[in-house]
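I've put the structures underneath this note.
Presented sequentially are two complexes of chain A, the first with chain B as partner and the second with chain C.
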Partner chain A sequence: MSDDIGQDDLLRINNLNVQFRTSEGVFRAVRDVSISVRSGETLGIVGESGSGKSVTALSIMNLVPNPPGETSGEIIFNQQNLRELSTEEVRKIRGNEIAMIFQEPMTSLNPIHTCGKQIMEPLLLHKGFSKKEAKARALELLKLVGIPIPEQRFKEYPHQLSGGMRQRVMIAMALACRPKLLLADEPTTALDVTIQAQIMELLKNLRKEIDSAIIMITHDLGIITEMCDRVVVMYAGQVVESGPLKELIREPLHPYTEGLLRSIPTITKEKQRLHTIEGTVPSPFEMPFGCSFQPRCNYSTSNCSEQAPDLIHVSPDRAVRCWHHVNELGKD
Partner chain B sequence: MEDNVLLQVQNLKMYFQSESSFSFNKKYIKAVDDVSFELFKGETFGLVGESGCGKSTLGRTILGLYKPIAGKVIFEGEDIVSLKNNRMKDMRKKMQLIFQDPSASLNPRKTIEDILNEPFHIHKVGSKVERKAKIKELMNRVGLSEYHLSRYPHEMSGGQKQRVGIARALTLNPKLIICDEPVSALDVSIQAQVINLLEDLQREYDLTYLFISHNLSVVHHICNRVGVMYLGKLVETGSHADIYHNTQHPYAKALISAIPNSDPDQQKERILLKGDVPSPANPPSGCRFHTRCPEVTDLCSQAEPLLKEVFPGHFVACHGVE
Partner chain C sequence: MLLRIMKNNFLFSIGIIVCSLWIVIALMAPLITPYSYLAQDLAHRFQAPSSLHWFGTDSIGRDVFSRVLMGSRISLIAGLATIILASIVGMIYGGIAGYIGGLADEIMMRISEMVMAFPGIILAMTIAAALGPSLYNTLLAMVIIWWPNYARVMRSMVIANKENEYVEAAKSLGASHFRIFFNEILPNSVGPVLVLATLDFGNAILLFSGLSFLGLGSPPPTPEWGAMVADGVLNFNYWWIGTFPGLAILTMAVGTNFIGDSLRDFLDPRLRKEL
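== the complex of A and B ==
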């Protein structure tokens, strides 16, 4: 996938590969992933555990530890390849122009600093604010993310807050420097349903205000549907399908996407037996020959187990990695 | 009617003493506070609520894993709260538990065969040959092969481990299985497999499920009747249709509207609740939901609403519902 659709891509990942050398062998967590995000857009990355979605996000921030991780490929942000920059230069971008919201705020906030101090940190570091200015901005941010009595919360430590409040502090911290790109890795998974609804509403409203692009990583297709403009589906370290949200949900092209959509129980569907995708995600050390999804696929043919399909564009904004669509295109 | 009831929970209360007890007035966390409901034979009753609402504590108290402060748990006509240890042990054969996290609930140092043998061993049931035959039957039934018997839990995937957990719960032919978030730790594609398996087993072995979950879509799929809990209290119970299509309690309404919907054509307005769940150590006065309720009145902070039958079989605890 070497298409250059426009210069307005804020971030373009080209042929990203991440592998880990372990005692059991080489574990290829991300295989030849190419993704692009435009300014102001919300892109969803959906996949099950082990699909490589979180490692992709970490490698954008250059946070994959090396060793054991080995990364190759290009990550082009604002016309510069982040992978060619020095650690110092990347540090200037991280937390400033690209910020991240993690899944579990309890483990990603520093327990020995107050919430206020942690929100002030990026402002002091990147923006050269004075302490007074930083404090004023931090209080403003706490108000923005809907924290009641911000003056008091400013002085409190993460353990004094509830899960939902902590996630709000994380979001305030991420937004401190008005990032151009926000990476949200399962931002609501650790939260209760009613709190999840609050945080999603907050992110939706903020999106209008801050005008930054968001990459939303989740396993929950419901969240993707409510938040995102475009979706990338990952399976076993590869992108298997991508496209605009509505088209992809209504008319999934890849058998995995189709199976995933049919196997989630929803309250709008009539009660009926759930569709299942048989088998389990293959072990990273024993990837099947050919298409990675072929052992679990209902449509698998002999071709599928012999040769791995490429990600092909079926229309300008839709791509799929499946032999059936390659063959269909050939016929036309 | 009485014959159909497998389990009756009456005014059950389970309080935990708070850890910080430097003061002389002891503080209690009211995890389950005056809960009553019935389970009919062969049904699946869903218990939903957010973390800390007491749904897991309720499940464990029913099993006798906690000694309740007050109330009765009547299983097949016998109050099991007051049973002596050896009678209780007999009772336990009839009720089993499936846990949320299959990795944490299987002993890592035992093989799958040893794990499945343990219930027989504890209850001194069957001969060696009978046990082996039953284990093989169950392994096949839950979709595992005999090859797995000599494996250790760490050699299996999350879905396979949960299947072992299910097989273990079935070893002694129980009547009631309490499923405590059985699919929350699993990936979507595996979740569907396990839900289908639970449904098949229910039909085959004539089981009754108490299905505890925070996932309202899963509960919608699997349950016949549903109870919604908030801060240790049941706020609404009724049939599947009552809860999802004729929701009465403001909390239940908000909970159902909060489910993210994967259908882009059916996006609806959402009822957003303000604030967080209050601490169960110090619950609000009157109706426990009044601090977050969009339909709150003066009465709500003063008097506690009781569960009233608003439609046949549909109970709601709210002053605003007539």
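== the complex of A and C ==
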């Protein structure tokens, strides 16, 4: 199928499953997810809380705690299956070829080390830089992420910086080794709106300069439309739709994507109640029969609640997990 | 800075003054003692305190004042060595248990609880008696009964700190377990252990004196406060032989406790006040 196209994919996730064994039962956080990212491309992963976005990102870094987490599937980065590498080999990739920006800049920096020291860390670790070289590069990075007076900030501790500054420092840390792939896990969620806009602006500009692929994980479709090339929509641990940004916005195939797009507030529309998708993500312990979205779906039919649909490719670039499209294809 | 703090906290300043006095005495002891602590003068045994012998003389005519001053050295060294060794052992042990977690943690903590379940002084006596009385064996015995306290505190701090996001962030940058432990978790976990160590310093000196009193410390003629008190008990009619070393123990233990208490209040946000 169309899966065979991308031999030159930078990252390919095949049939990723992550489940957590808890005292209440087995909780399947990620179900049969397959995603690919090409070099230099920005992929957006959207979904509500609990849709498995962050766990997917963590499993790329091999950071899902085990136990209680159990992971299966293939994660192929640069023709290597990360899941078959030793911990030592994975460590050499982390922070070097794949780097991650975390959600909470307040707690993701160690309070007892200076910002400069924390940015130098990956350089000393992976690139074998001398302290002097690392410092020079760290100052360069601080300038790159738009921090004024880098020499001053270099010596300061995280508590002396504002949230936006700290997120910039986190981004500098992630970019230190010029990673081929950057995972941004809700990089702006913890920031207030004006700072969010600044950080998004920074990421957009950096994208041109650093030419690494980015996986942008967010629940904010606005962010996705601003900077992504392709989008993957996740719901209850599954990919429900994927495709190029423009096509997906123009013509959403899955009812969930449609709902998400309709619930973005706009200034131009006349005053009316903002559209919402009724209900919440199902509890992982009580997954509905059939399609996971079926209890909240306006188009659900009896077929939807009996059997789970597969992810089918409607075109080489686009895939959707919905019975309605299976049926349409069948008719063709 | 220190002066400003001392002005606001009476107990802390008393502790600092008493302890620094003892430290100065310990450092300069051979220079300020009027007699050698070993010099016997059988003609002048059991002399009451006088201008010649400020604290009197003991059963073989040694100057009690000189011996008390010299004794500060061994007490300070014993207290410091015990606390430092026990906290290092406890921090490594508790740190490893907390960091690894799971079954290893369970087993390691049960072992440390077994040590804690014995009454401290009796266990220390048994160990010191079994190994034979000497300074090193007594220190070893004290470290053995003391480290589990630090292990427990360290373990709980490491367990709390290893869940921090900056640890996850460090992992995502490719840091090894060794680096994560020593660079990220350890520096954030030592605070409470240091406070406990300061508080315990006085207790360690007391325990060491207690063991010496029972004849398990350094053997005579080393001037040790606990052993001197024991000597005073044997010669009970001559009150000065036991009283002055006893007062020395008291002042040093109280002084370190004052410092420890103030430090704990300062570092505990619920009790926080200006030092």
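Methods note: the second predicted complex is superposed on the first by the 329 of 332 C-alpha atoms of A that agree within 3 Å, B and C clash if a C-alpha of one lies under 4 Å from a C-alpha of the other, contacts with A are read in each partner's own complex, and residues count from 1 in each chain.
Criterion: a contact is a pair of C-beta atoms (placed from the backbone, for glycine too) under 8 Å apart; a residue touches a chain by one contact, two chains touch by 3 or more.
None of the values given here were measured: they were computed from a predicted structure.
When both complexes are overlaid on chain A, chain B and chain C end up sitting side by side without clashing.
In the superposed pair of complexes, A:Glu48 makes contact with chain B only, with no contact to chain C. Put simply, the three-chain overlay gives an angle of 80° at chain A, taking C-alpha centres for chain B and chain C and rounding to the nearest 10.
Applying the stated contact rule after C-alpha superposition, one finds that A:Thr194 touches chain B and leaves chain C untouched.
Here chain B and chain C are compared by how many residues of chain A each touches, and B touches more. Of the two partner chains, chain C is the only one touched by A:Ile93; chain B is not.
Legend: residue contacts after superposition of the two complexes on their common chain; A:Met170 is shown touching chain C, with no touch to chain B.
Applying the stated contact rule after C-alpha superposition, one finds that A:Thr266 touches chain B and leaves chain C untouched. Using the contact criterion defined above for the overlaid structures, shared-chain residue A:Met61 touches chain C, although it does not reach chain B. Once chain A of one complex is fitted onto chain A of the other, the partner contacts of A:Gly128 are absent, as it touches neither chain B nor chain C. Once chain A of one complex is fitted onto chain A of the other, the partner contacts of A:Pro316 are absent, as it touches neither chain B nor chain C.
Between chain B and chain C the least C-alpha distance in the superposed model amounts to 10 Å.
Residues 48-49, 148, 162, 164-165, 192-198, 200-201, 219-226, 245-246, 249-250, 259-261, 263-268, 271, 273-278, 280-281 of chain A are the ones that touch chain B when the two sit in their complex. Against chain A, in their complex, chain C makes its touches with residues 164-166, 168-176, 179, 183-184, 187-188. On the side of chain A, the complex with chain C involves touching residues 61, 63, 91-96, 99-100, 102, 104, 107-113, 121-122, 125-126, 170, 173.
Of all the residues in chain B, the ones that touch chain A in their complex are 50-51, 157, 159-160, 187-193, 195-196, 199, 214, 216-218, 220-222, 244, 254-264, 266-267, 270, 272-273, 275-277.
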